[in-house]
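Since the structure comes first, as structure tokens, the remarks are kept for the end.
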């Protein structure tokens, strides 16, 4: 460990201790557990700064926060899955004894009987789950592809019809837009000359852009034909429209991202340092 | 309308003042329910049938509005639908429909213990009440019944989807047969995919590994499935060139599959000895913890190339910018529309949407995969033709064509 | 055998799910709901595989003293501490209150949330650096990207006086009209790609997900 | 506020903030311009530093840029401004805490404006989570800033009622059926605000604040259109584009995101001296937003300058 590193560590430790003390003191009159609260807020601020320090370069503080984050979050999701799915959903339907053990009310699921005898319908996923765990065994590892096949097959079938409907049929049919709006005279046509998409001219312009944009965009996605001639022209228009859209989406997202940073800095300046009211 | 109501109010004040209710005029104004009026004519012709194309537990009702709804006495403000298990009642209120309404779908719960459980195969009786602003003044239709609900075995409203499934299946099978027969199917170049080979070569020269990120999708997401194929291809090349490969995973099942895929590729390349299980490892199933770890890997291992293929969310830009910071060549592909702009901006090559799916066929060059790519193009051509026909019919005021594509729930 | 059964399972369940879509009857609905439940439950079992992989990779790092092995200790410590609090030994042994354990909450509120929010907020910096690096008028396409991003971002500039409203309008027009067209084209493409891939999976043509080819 | 610099660039707030942002960001960018012309690209960390400064300075030392209300906001403002005193305005809080940072400032601004104009205001919520946010507005804005206004006489709080569109369906013809009492269990008949109000048809303006479902769209479909009541709305930035088609026919105006809130607040400050010193979260949030956007745009320009300079240099030799 280099000398600068040691000095830096010591410095951070001192700042941490001072912040803990000061924070506890300032929370004294609000909470009973002010000492642990002071520590936790200081810890949160320290972790926030550790992550931000990554912007300068990779460093031990970032590595610390990163590794802690990975361990804690993995366990968090596992606990959540265990309590909400296994204990919350599965066990009450599976066994009376286990339900009593986990102190959850047993559910007599009459609809399970509707299809399969007794509780078989809830033992199947357990069996499949255990088959999946067989992966860890060298000999029987191949059997873990069965539950996988079940998941992939089911989802593939589900996605096939679902996307065919929502991403294909409905999107194609919503392209049927009137490109000519009933003529209501020149005055009406050019009044409301405003791009908030309600004036007559603007509605028509919008519909044309949408119609041609969709067609050209689709042409761009043709794979089995060389993009040449008219076809190439349409595909070029298609990629223009795509690029304009990507730029606009990018520009639009900036606002939301800045808000996130505002939130984080407000935590540092307000909750931790108490610089602002 | 407003004028009439004002008139009624004035009249009301007058009447109540004269009859001397012992209340101040102000208080009466706040109590509109005591307005005296003639009862409206009842709604007529109430009919009920089982709701079509559903799982049962639902009955569709229609009726004709009261003559005093919007005309005549003009005092109907809505309709109440009542249901009972016998013609004599007791009737329970099921719905309130604003004036002008001529129908209602009475949907009940399918769970037996639910409050508004509506059993199948049980006769029900309905009546409709035209209501006025005064809760005491109303008119009821005749009772209709019995009517039963039951579930159907085929949803006719979804026929368009079925037609397309069959169409797609046939076109795909046709082109696969054709491709098997040796027909040469042309596929245009995809810069992003051609860059993959180049990038692997570069990594070998630099003696640095390749980082492959499968995204946040689950094992069954189509984007992830497409990504496995590309991973298999990349892993094979990597094994041949003897470069390193790092595959951090977000989903444990995806990890399992990726391990199999990479292992198989190393075997194919004739280098099973170079494969080790921890090339592909699980990080955590938490979006930003995963990103934090991958970011750290990028800056510490300095991979020559980062490949991102699959489902990505807000983390796309964090990954791509860190990768650029580490000086890696970056190739990305996702079907997550909101993230495509960020990949396009921050990566060297990006496969946009469908190109990701095409990539697996392009890389494989197998007739089977190419055949289905051809089928995709034909479906696209069909989409364009349908859109043009739709636009023409639409602009000539023919709505029927559009209705062909209407899919009910 | 080892190869055929999974492919058969995929075919059977895939076709079943397609048929299920066209059958509104209750029984088909129940099976559908069960299948989704099952997938969820299997996923939890799979998580154990993941945690196992995480522990093994970290353990190897420590055992062979690989670079940065010290940090693997932190990962493992965090993991086991959180698992312990999550299952709440000692206080509410085996009850759903495990998740309301004081330490579990504290780890969540003061470690997970701050780091997560800060990682997310890094986007504010990266969106700027990406814009700086990539929005250059190198080609026509890059210029289109650049100009439309600028137009939309200019909404946030209050000093354009009379042309301000027009900028605002152009920006929202860009977001409403061409955006709709491009998204629709991409969605139709994606829809087709998905359908084709799903079909390939069901028919057993695309089988990379099963490992060996 | 009164110095010449602020007047020229339409900026107000703490002097330190203005000086720091002008000197550091302006000076820094000028220096970077020189750098870019001379030496090409700058280090990415400098970009990060600028973003950090441009966001943190306005948080620490509040800076507000004067916003000019765009027509879509101004029209709604003008409607509230021009309604005769004592008109009935309903404000519905259709959002949850997650959306609150973006839309609560709008709710506060509308409440201020209506009460300052002596309109009778009716507060309600279609979202269960909206009721506590409604109380927040009452507690932080209405009661401290308008101590002279009496609940029941000048404004009323109906609270939350379950039923989503169903609620709307009923109150369009009768308030009392859905809300026999207000949130404090006082019968509507004994609340002065409701003396002349039987249904939504008697309202002069309805404002829905939110961004989800039920929200402005449902208000239009179930109340605004059938009862022919003028409507306005304030929604999260992501929802705003979906509502543009309703403007200006069904919606008098739309406040979209924090920017819409800021525009409305600035319009209020311009016309009402009493609001000069109240908290204006919309304008305050706009400080970091505007500065950061300007900085990013400046960097895009710098990037292009250095690109063209490098390219020209590359061609010459």
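So that you can tell them apart, the chains are marked A, B, C and D in the order they are listed, and the count of residues begins at 1 in each.
Criterion: a contact is a pair of C-beta atoms (placed from the backbone, for glycine too) under 8 Å apart; a residue touches a chain by one contact, two chains touch by 3 or more.
Computed from a predicted model, the values in this text were never measured in an experiment.
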Legend entry - Each chain counted as touching subunit C and subunit D at once: A, B
Legend entry - Two chains sharing the most C-beta contacts: A-C
Inset, instruction - Report back the single chain whose CA centre is most distant from the CA centre of subunit A. - result: D
Legend entry - Between subunit B and subunit A, distance of the C-alpha-averaged centres to the nearest whole Å: 16
Inset, instruction - Compute the distance, rounded to whole Å, between the mean C-alpha positions of subunit A and subunit C. - result: 5
Inset, instruction - Compute the distance, rounded to whole Å, between the mean C-alpha positions of subunit A and subunit D. - result: 27
Inset, instruction - Could you list the positions in subunit C whose residues touch two or more of the other chains? - result: 18, 21, 39, 42-43, 46-51, 54, 68, 112, 115-116, 119-120, 122-125, 127, 129, 131, 133, 135, 145-146, 149-150, 153, 156, 172, 175-176, 183, 186-190, 192, 194-195, 197-199, 201, 209-211
Legend entry - Residues of subunit D engaged with two or more neighbouring chains: 44, 48, 51, 55, 244, 259, 289, 292-293, 296
Inset, instruction - Hunt down the residues of subunit A that sit against at least two other chains at once, touch-wise. - result: 51, 54-55, 63, 65-66, 69-74, 76-77, 132, 135, 145, 148, 151-152, 154-156, 159-161, 163-164, 168, 172, 175, 196-197, 211, 214-215, 218, 221, 242-243, 245-247, 249-250, 253-255, 258, 261, 263
Inset, instruction - Counting only chain pairs that touch, give me the topology of the graph as line, ring, star, complete or other. - result: complete
Legend entry - Of all residues in subunit A, those that touch subunit C in their complex: 36, 40-41, 43-45, 47-48, 51-52, 54-55, 63-83, 85-90, 101-104, 111, 114-115, 121, 124-126, 128-130, 132-133, 135-136, 142, 145-164, 166-168, 171-172, 174-175, 194-197, 202, 205-206, 209-218, 220-221, 238-255, 257-258, 260-261, 263-264, 267
Inset, instruction - Mind listing the subunit C positions that touch subunit A in their complex? - result: 2, 5-7, 9-18, 20-21, 27, 30-31, 34-35, 37-52, 54, 68, 71-72, 74-83, 85-87, 94-96, 98-99, 104, 106-125, 127, 131, 140-141, 144-153, 156, 166, 169-192, 194-195, 197-199, 201-202, 209-211
Inset, instruction - Under the touch definition given earlier, write down the residues of subunit D that touch subunit C in their complex. - result: 9-10, 44, 47-48, 50-52, 55, 65-68, 70-71, 241, 244, 259, 286, 289-290, 292-297, 299-300, 302-304, 307-308
Inset, instruction - Spell out the part of subunit A that touches subunit D in their complex, as residue ranges. - result: 55-56, 196-198, 254-256, 258-259, 261-263, 265-266, 269, 275-276
Inset, instruction - Give every residue of subunit C touching subunit B within the complex, in rising order. - result: 18, 21-26, 29, 39, 42-43, 46-51, 53-54, 56-57, 60, 67-68, 112, 115-116, 119-120, 122-123, 126-127, 129-131, 133-135, 145, 183, 186-190, 192-201, 203, 205-206, 208-213
